[in-house]
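Think of it as A, B, C and D in the order they're written, each chain with its own count starting at 1.
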Amino acid sequence: MGKRLLIFSLFLILLAPVSAQRSQILADTLHSEILGVDKSFTVYLPAGFDTSGEEYPVLYLLHGAFGKNTDWGKQGNMKRIADQVMSAGFALPMVVIMPDARGVNANGAGENMGYYDTPTWLYEKFFFEEFMPAVEKKYRIRSDKGSRAIAGLSMGGGGSISYAQHHPELFSSVCSLSGLVGEPSRLRSGADYVESFRESVVANAPQRFLETADKEQLAALKTVRWYLDCGDDDFLAEDNVRFFVTMKKLGIPLQFRMRDGGHSWEYWQSALPSVLQFVSVGFAR
Amino acid sequence: MGKRLLIFSLFLILLAPVSAQRSQILADTLHSEILGVDKSFTVYLPAGFDTSGEEYPVLYLLHGAFGKNTDWGKQGNMKRIADQVMSAGFALPMVVIMPDARGVNANGAGENMGYYDTPTWLYEKFFFEEFMPAVEKKYRIRSDKGSRAIAGLSMGGGGSISYAQHHPELFSSVCSLSGLVGEPSRLRSGADYVESFRESVVANAPQRFLETADKEQLAALKTVRWYLDCGDDDFLAEDNVRFFVTMKKLGIPLQFRMRDGGHSWEYWQSALPSVLQFVSVGFAR
Amino acid sequence: MGKRLLIFSLFLILLAPVSAQRSQILADTLHSEILGVDKSFTVYLPAGFDTSGEEYPVLYLLHGAFGKNTDWGKQGNMKRIADQVMSAGFALPMVVIMPDARGVNANGAGENMGYYDTPTWLYEKFFFEEFMPAVEKKYRIRSDKGSRAIAGLSMGGGGSISYAQHHPELFSSVCSLSGLVGEPSRLRSGADYVESFRESVVANAPQRFLETADKEQLAALKTVRWYLDCGDDDFLAEDNVRFFVTMKKLGIPLQFRMRDGGHSWEYWQSALPSVLQFVSVGFAR
Amino acid sequence: MGKRLLIFSLFLILLAPVSAQRSQILADTLHSEILGVDKSFTVYLPAGFDTSGEEYPVLYLLHGAFGKNTDWGKQGNMKRIADQVMSAGFALPMVVIMPDARGVNANGAGENMGYYDTPTWLYEKFFFEEFMPAVEKKYRIRSDKGSRAIAGLSMGGGGSISYAQHHPELFSSVCSLSGLVGEPSRLRSGADYVESFRESVVANAPQRFLETADKEQLAALKTVRWYLDCGDDDFLAEDNVRFFVTMKKLGIPLQFRMRDGGHSWEYWQSALPSVLQFVSVGFAR
């Protein structure tokens, strides 16, 4: 058997381009005083980051309910997709930060969850006051509205929109994929830990914001570039088209796409190239 | 100068494939007893039609308000698009019939218009009782539900849906592009010739049909394959998403797409390949 | 902890459509007299198969070198992709058979490998004489050229082409993704078990077939519908464009696509919808 | 008849967005000392140009053989396509300059033609020494490599590549659509006015450049972003894939696409959005 050692490499060695320095996906952690815990997050650094010495624009890329910071890297295949789109010349090199919106308990979700503040979990406060300043300093990120975008799927799509509704002065572009933009009627109440989460989602629903915002707030939304994409088989399709229609009635320009598909990683993977292209053009303006 | 006669052909002669027999686009006319006039229509015959001796499936392809039967062939570039999709093997050879829904006066539109019956213009009656039987006999068309599809743009998108709502036993697939599916609030009244047209559009609105149909009628809609496509910049976008949501609530499966674009021939040209693919799979089932 | 039982279902229960009967992906095995072993294979049955009683067209879907029959179902995500394209109405319901072209040893590859006959491994003979007849009988498959297609990736792309070159009377459509169509210069020789495999690949190379076939063989190739797709970053790109040019010079119509990407599952997953559409139109002719 | 005045506007007035200032397409003329004639050209100014006061990046967009500067605006529908892609946020606002490479005689082509210098028609000299400096000054264009791109179809695709091969220090991106990259075997000789044109095309063929360039010249090509797109039915497909393979062998990164289609305006129109996206990302780097 010895001389028959497998030469598995035959087909595999061929794919290696000699790019000076490849993209990387990293696990990192930050201690939060506000939350009182360590929060993990995932970082995508584009090819050439280590050697360029340059500052980069940043995309915050948010996971969905009951998800975590590693989702986009694993189920979402984001590294290979981003590498492909960037190397093809259809997106700018950018840092992508994937935060974690889980609560504290051990099994991957918990009493506290989500991108909004609850009485016991000030996640939004954490995001803007601790997390964003820290990562933008640590990873050579250009900290200006024109160089900052945010995107997410499902609960993270809704979170992306909300963050830009609350801070239009901070984001150039927002991309919501299958976003939780309305009130989550399907979130069952009764479990007390979910209740405060559910309340925070209702209180911050992007649709509600549009319906209650004042003139000044609405005017500020026009300084953000909006891109929404939701599948025609998605259970959130109705909420998404309502949000789209409301934005149009309010005169706030947005892009809206409805492709074939449901609430699935196939959909989000196939959406990601357009997200990267859209935010790239926003960075460049 | 003689010897300098231009040889312009140099680049041009090269494109001719030696296909036995090319597709054709024809102008034809039918006398209607019901309407009391001659009605022109346009016919697309796929490559090989003349020599095959076979019967073909058919797509009725409807123009928009104030349009005419030649629109799809001219602004819509339908011959080249259909040739391309069919020769690439992504659509079946089919006959495409483009009817004319103009009224009688000379300038290309008139007192009477549209796909519905008005007191002075029984177009729907004409379509089903005179036109469809005559063209399906004349052009070697297979006259069964499984071999018949209908599509259209704007007013013709609405007309396509209505025809299949009224006769689900006749069509396998319906494709509405930027369809006029709601009440045409923007159709100004006051001009008496438009009024009967406007009334017919209101009375037959696809949205209204859904909201007033009985159980049996709704059940029959499930025997039809539905495909709707409307641009996110289209002034009919809101009506189209409402129709989509209503269909979903009624449990009638449909495909819905919203791509970038407005109420324009660019949009309809880029939609046509998917229409031809979708109806082809319907023909084949 | 009891009252805090997780209600993870909140978002998850919503995705279940009430389709009468879902698609299935099955593991099956066949004993081969020719090979002297049991050969496993994977079967995709479309939604409605169990209850329809109908016969279906079939697509044979081949894996790559050092792969196995479960690859398309796992890395290729073929079930979800096929479900999506079929339920959207862009592909016909069909049975998909994924055979196994590994050799005998335990670690997933071996002395013998591939889709061609070698002195010690008569795989092509097995495929046509044992495998194809058996599965087409067992799974209600229509056994005629018009209802049979073959596709594959890399070594399986080359195998698909070869099988249809050797038996143009058996296949209506062939789709090669990133196909190994030339001589595998990169397959190292020296390991004796690989040598007979390498020799079989050289002897059967689709490119060589084109260059050595007689008039009658070439004419028969025109009865097959050809679709090739290869990424511009693929190490097999050059071989694929050479094959494309040779086919054109020989006057054999084919479709050729070069999209962005390399020799990767991202590429093959994104290619699969077009494969299913293309073979569907072939089945329907 | 009077009271029946047509209100055709009903559907038409609705499309007007209230964009401060629309894009424009202009006809302009420049007197060339080098050529001894006035040369017309076409200019696309993006929405907001008049009021912004800013400098813009520029895309030179070249027509094909026997074509002229107005082709892209008419058959190519470039204004509507560019408006759509830019307003959707997938391309940067840019000035597009469409030059004229016709010769002098009256019928739209002539003894002299093309983008290269001939003994009697120093077009390339004119382009770089007179035309480019003049238009970049007149139309508030940023005159640096990073803000300048060039693209074209057929003869203009070849011209685009050649210009960047001759002046890699001037262009960030090049996009060739169905480019004449090899020797035009199909250009008949015999007509003496064509002969000098034909000779200039042969002498400057992009393929020949690659095969004869020295190391330094080849190294400089890596500072340019290359995008080639050619249909699988195009008579120039073979030349294009040869160019692609040669570039890869030389280690010069490029994007290559082969989609379904031939040497046609349908192909070029559908290619234009990707061109605008690709050059935009180049401008932004």
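Simple rule for what comes next: contacts are C-beta pairs under 8 Å (C-beta built on N, C-alpha and C of every residue); 3 or more make two chains touch, one makes a residue touch a chain.
No experiment lies behind these values; they were computed from the predicted model shown.
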>> If I compare contact pairs by residue number, which of A-D, C-D or B-D overlaps with B-C on over half of them?
In response: A-D
>> When I count C-beta pairs in contact, which pair ends up with more: A-D or A-C?
In response: A-C
> Measuring from the mean C-alpha position of chain A to the mean C-alpha position of chain B, what distance in angstrom results?
Replying inline: 41
>> Can you work out the whole-Å distance between the CA centroids of chain A and chain C?
In response: 36
> Which residues of chain D are in contact with two or more other chains?
Replying inline: 88, 255, 260
> Once bound in the complex, which stretches of chain A touch chain C?
Replying inline: 3-8, 10-11, 14-15, 64-66, 77, 80-81, 84, 88, 107, 109, 111, 154, 186-188, 190-194, 235, 260-264, 266, 270
> Can you name the residues of chain A that touch chain B in the complex?
Replying inline: 232, 237-238, 241, 244-245, 248, 254-260
> Okay, in this complex, where on chain C does chain B touch?
Replying inline: 88-92, 173, 225, 227, 255, 274, 277-278, 280-285
